[in-house]
Amino acid sequence: MISFASDYLCGAHPQVLKRLVETNMEVLGGYGSDLYCQSAAAKIQAACACPKAEIYFLTGGTQTNQLIISAMLKSYEGVIAAKTGHISVHEAGAIEYTGHKVLELEGELGKLKADDLEDYIKTFFADENHEHMVFPGMVYISFPTEYGTLYSKKELEALAAVCHRHAIPLYIDGARLGYGLCSYENDLSLPEMAALCDVFYIGGTKVGALCGEAVVFPQGNPPQHLRTQIKQHGALLAKGRLLGVQFDALFTNDLYWHISQHAIAMAEKLKKILMAKGYEFFLQSSTNQQFVILDHKTMERLSSQVEFSFWEELDEDRSVVRFATSWSTKEEDLKVLEKLL
Amino acid sequence: MISFASDYLCGAHPQVLKRLVETNMEVLGGYGSDLYCQSAAAKIQAACACPKAEIYFLTGGTQTNQLIISAMLKSYEGVIAAKTGHISVHEAGAIEYTGHKVLELEGELGKLKADDLEDYIKTFFADENHEHMVFPGMVYISFPTEYGTLYSKKELEALAAVCHRHAIPLYIDGARLGYGLCSYENDLSLPEMAALCDVFYIGGTKVGALCGEAVVFPQGNPPQHLRTQIKQHGALLAKGRLLGVQFDALFTNDLYWHISQHAIAMAEKLKKILMAKGYEFFLQSSTNQQFVILDHKTMERLSSQVEFSFWEELDEDRSVVRFATSWSTKEEDLKVLEKLL
Amino acid sequence: MISFASDYLCGAHPQVLKRLVETNMEVLGGYGSDLYCQSAAAKIQAACACPKAEIYFLTGGTQTNQLIISAMLKSYEGVIAAKTGHISVHEAGAIEYTGHKVLELEGELGKLKADDLEDYIKTFFADENHEHMVFPGMVYISFPTEYGTLYSKKELEALAAVCHRHAIPLYIDGARLGYGLCSYENDLSLPEMAALCDVFYIGGTKVGALCGEAVVFPQGNPPQHLRTQIKQHGALLAKGRLLGVQFDALFTNDLYWHISQHAIAMAEKLKKILMAKGYEFFLQSSTNQQFVILDHKTMERLSSQVEFSFWEELDEDRSVVRFATSWSTKEEDLKVLEKLL
Amino acid sequence: MISFASDYLCGAHPQVLKRLVETNMEVLGGYGSDLYCQSAAAKIQAACACPKAEIYFLTGGTQTNQLIISAMLKSYEGVIAAKTGHISVHEAGAIEYTGHKVLELEGELGKLKADDLEDYIKTFFADENHEHMVFPGMVYISFPTEYGTLYSKKELEALAAVCHRHAIPLYIDGARLGYGLCSYENDLSLPEMAALCDVFYIGGTKVGALCGEAVVFPQGNPPQHLRTQIKQHGALLAKGRLLGVQFDALFTNDLYWHISQHAIAMAEKLKKILMAKGYEFFLQSSTNQQFVILDHKTMERLSSQVEFSFWEELDEDRSVVRFATSWSTKEEDLKVLEKLL
């Protein structure tokens, strides 16, 4: 059976795995002190055009969100996010577990709007009772969003301006960062994004690694004793090399971008096939996630031969499903799919 | 330079890595639902002679301790541990971060004594003010301990009896479990250990894996919705296969035991070499960690040619250092060391 | 200046204070073990017609909500509340501080609707990904709500039925319980309410006490070792008598009901005065809180001679303000107000 | 029956209660904004000779310790305390509940020693692995200690010097502060103490109030948005006047000192009586708590006619018990006791 269920269903990109094999018997320091972590960090600094950036490697997305958000918030602060944000819905309350509220704004197709954000913050500080409320202490967005949508450069600049005006850090969840930056509609470069936010992470798990996310503090100002906080969260790998070697491989010879471009090319072909067959899209996405409306008969028929993800029920007869491509999506799979549709 | 600094300085055992390569392109379910996680669990059930056991795979030791302890304690309970226990000292307060106190008992060479435990629990419940104190809700021990020492079968039975009498679960941190069970002095089998405790974990990171620990609930009674709690802790890997494939390999053809036996054989040779050269041991350990007393001149001389870990200062002139062996320790390294000593 | 700003601006009802004075020199046990706590509990059991009820006394509303909700939720659960609920907005994130998410439903004029609740819970459990989400573990409502509205008996029965069907406890925040139960529109008795929920509290701070709330577990099934949890939260008063004596006074000779009836009678007069003067109400409330729309000129004019609370801006020219009555509201104050309006 | 069981067994000092009665019907702002809170703060500033001091009023000791310690620690820090400290033993894990470890030092008769503290901190930072450990972020001492002992001026200066050298705040739990400062052996004034520490609290609950502790930041540097943090902990009283009026009374006409002096005078008489009768003291205390060794027969005989607290078992035949005096101890009670002994 072919699968478009998600972008984390195969192992690592062969080149990443190859480097794990090649370096396997080297004796290296533990806990992220090894030379591959250093080398990967240097390559990421270069890719971001942030020579002062500090980089930390973590294992997965929820872990990263939990750690970064709780390490940067003061105890009486919460994090603003879209109602559909991953931290709002699909992380089992990982943020609240650390004592902080997710302050949910409505958003639009997964995106926060700068005006809404400005309004929220202004209204908060204007409220006589705001001492009895959770202070907004960070803004969380995802790029691409959970709906595969993207912030334009202009939109991100507007959000960043609001954050800057109120001295509230802006954090970008880049679980699928490569698939966003390589989208044909994207007008942001990695250095531009790095310059607009206070912290973000470059997703590895969904973009060719076995596991791993690279947290980037573009201006080199991480929270104090962050390594200790990582340990305190149970998130410090003894064999930090596992992450260092993978990110070193991903940022060697533009592998991260090749992987991402491939997934986007496959997604574009997928879109064409679906459109040609008359399928209706739930929303326009230019990234590796495509949201399609299926009537329940079609859904049932297809699901015996191709894997995709159920997203939400639209009405009695139809549901939204997601098709995702990745570095491992093959042309042949698309051809098989085309015949099935 | 040769290294005896720790048991996590090389990558994975080649056989483990080989299986990651072989399975890399298989399309597998996420979050631990894949067939390798299932197969590994079945093999671990068999190795523990616990057909009902439930097994969960996590990434590292501190993460495992934090998750299991917080998931099993009630909010007003703490966990009893030796003062030298890993959770007491070297996990950056990961247990307290989840809201629970580590109730530290003195212990002896890293081991809790059954009588002290009985005393502590009895005194607690006899205290008129115990409603104002932290209830003992779990007992944590490590096997082997942080000092490379082992509980004998009799000692473990005595501890388990105290726990059982007071209905307090017994948890065994097996970060180096293989090295304990394969020690020449050990008189416990894995099934016997599994039968005596309520939950334990089989360490992978230090015994041949790139990362990973297998938590075993021998009687199949995990805390409710543990998978959600794993997610909430940021500890659920999207590519759960990374852990499943590795543990499946470790428990195929007794690889876990071969690895462990090799490390122990190397440790025994190391001991003989050190003894022959007249070095003094800080304590007797029959596992892969050897604690040796070095005067500071010798320490300085050696440290330019061989890596070992500083443990603690003994007096003005001498310190305790640790030499560790592992699956990757080579006979040649021992020969080089012998000449240097 | 006369004040309708809130219902906690005077001290205690004179009869409550009198009892504090009369019992002051008695030597009594600490931490809630005194005979006044026992006597108050017995009187509350009788008032609720719940002979098995267990009663605990706490100091304030946020403390009570935080303690009860965190003590009853499992670590992976959150509490469902209206978006306008006190715990959602005005407790500075006290619930999240204990690690739990407030799952906010839209609600209507401060009230949760049974159908919405049923929908939410059903949708949650039907979601394939619910293992990655926060489980609903409790339902929080306030009676009266933050908008002074009330659940009818039928509405409360419907909510309770949903909770019961899904085995999710129903918790009622009764910070102003007396003012709700004594409203002319209310059709619920205290015993009926007690029978419909799993836990609730009888507000003292806003209904005649200096401080204090009485938590009632109608069926006598409090969370285990709740007293220890109260201590752990820093919420256990050494001189528990302060709460016991006050609640004993409040539930002697129906004082709690007299206080509440007085406030409601004053509120009804206030309503009539406002209506007669042509003021517009933001919503219909039959309790001690009245929400009135004022244009900004009137607001400014009045605010120099009478205290009321700003609630929210309605549009550029008008705002919603709150007038509250209490046990201490005097007829004279209403007369003065009438002239000012 | 006469009682020396504790110092919180009567209500409030009559003068304190009188002021509550006199101010009862005044309409005052909520949440600590009232004029009595302001007036009390000004009087405390004067008593401490700290014109810049910021003062916050809380309800009880454990609440105060929990709030102040968690508000001042960074997330990766713990608080150093004597093993016998109230926060170490008798607060049901309230500190750990907020995510922080209590780093327990041995101490001597309840007191931390400056040399031990210096050693601990130096050893910590010298440890190569300290990134994996809980950072010391505050020092907690109690004055008087849980054993009724006192730090001399010289001892406190030495402790403060260590804290200062390492930039670690010093916090003094003054639950029984008056009884310490009024002890005949004390050589510290309140202004001297205030000058030596970063934050402390003046206990009210045990020194004449119904409830209440006054937290003092001598240099006027409270943690950011502390009022919001108080609310978040469920510790913000709506009727903050309850605390303001009481502390205003306590610091009017030296009432706090008269209360304390009386208790000390009674304690000195008690000591003389006990000594004259040949009773053995467990330790020398110059404060209102006296620790006496009783054989079990005497203990049983006495306990039917006088209340005292069991402290700990000394050996099979004897136990340590505590006699406490307070503002409410009467000469007659001592005479009755003398006859019983």
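In this document, chain identifiers A, B, C and D correspond to the written order of the chains, with residue numbering beginning at 1 in each.
Keep this in mind: a contact is a pair of C-beta atoms (placed from the backbone, for glycine too) under 8 Å apart; a residue touches a chain by one contact, two chains touch by 3 or more.
What you see is a predicted model, and the numbers here were worked out from it, not measured in a lab.
Both subunit B and subunit C are touched by A, D. The interface with the greater number of C-beta contacts, when A-D is set against C-D, is C-D. Of all chains, C has its CA centroid at the greatest distance from the CA centroid of subunit B. As a whole-number value, the distance joining the C-alpha centres of subunit B and subunit D reads 42 Å. Centre-to-centre separation of subunit A and subunit D, using mean CA positions: 50 Å. Work out the mean CA point of subunit C and of subunit D, and you get 33 Å between them.
Shared interface positions of subunit D, defined as residues touching 2 or more other chains, are 75-76, 91-93, 97, 99, 131-133, 228-229, 231-232. Across the complex, subunit B meets subunit D through its residues 75-76, 78, 89-93, 96-102, 104, 128-129, 131-134, 310. Of all the residues in subunit C, the ones that touch subunit B in their complex are 70-71, 74-76, 99, 131-133, 135, 224-225, 227-229, 231-232. Only residues 3, 6, 8-12, 14, 17, 20-21, 23-30, 59-67, 91-94, 97, 205-206, 210-211, 228-229, 231-239, 241-242, 307, 328 of subunit C touch subunit D when the two sit together in their complex.
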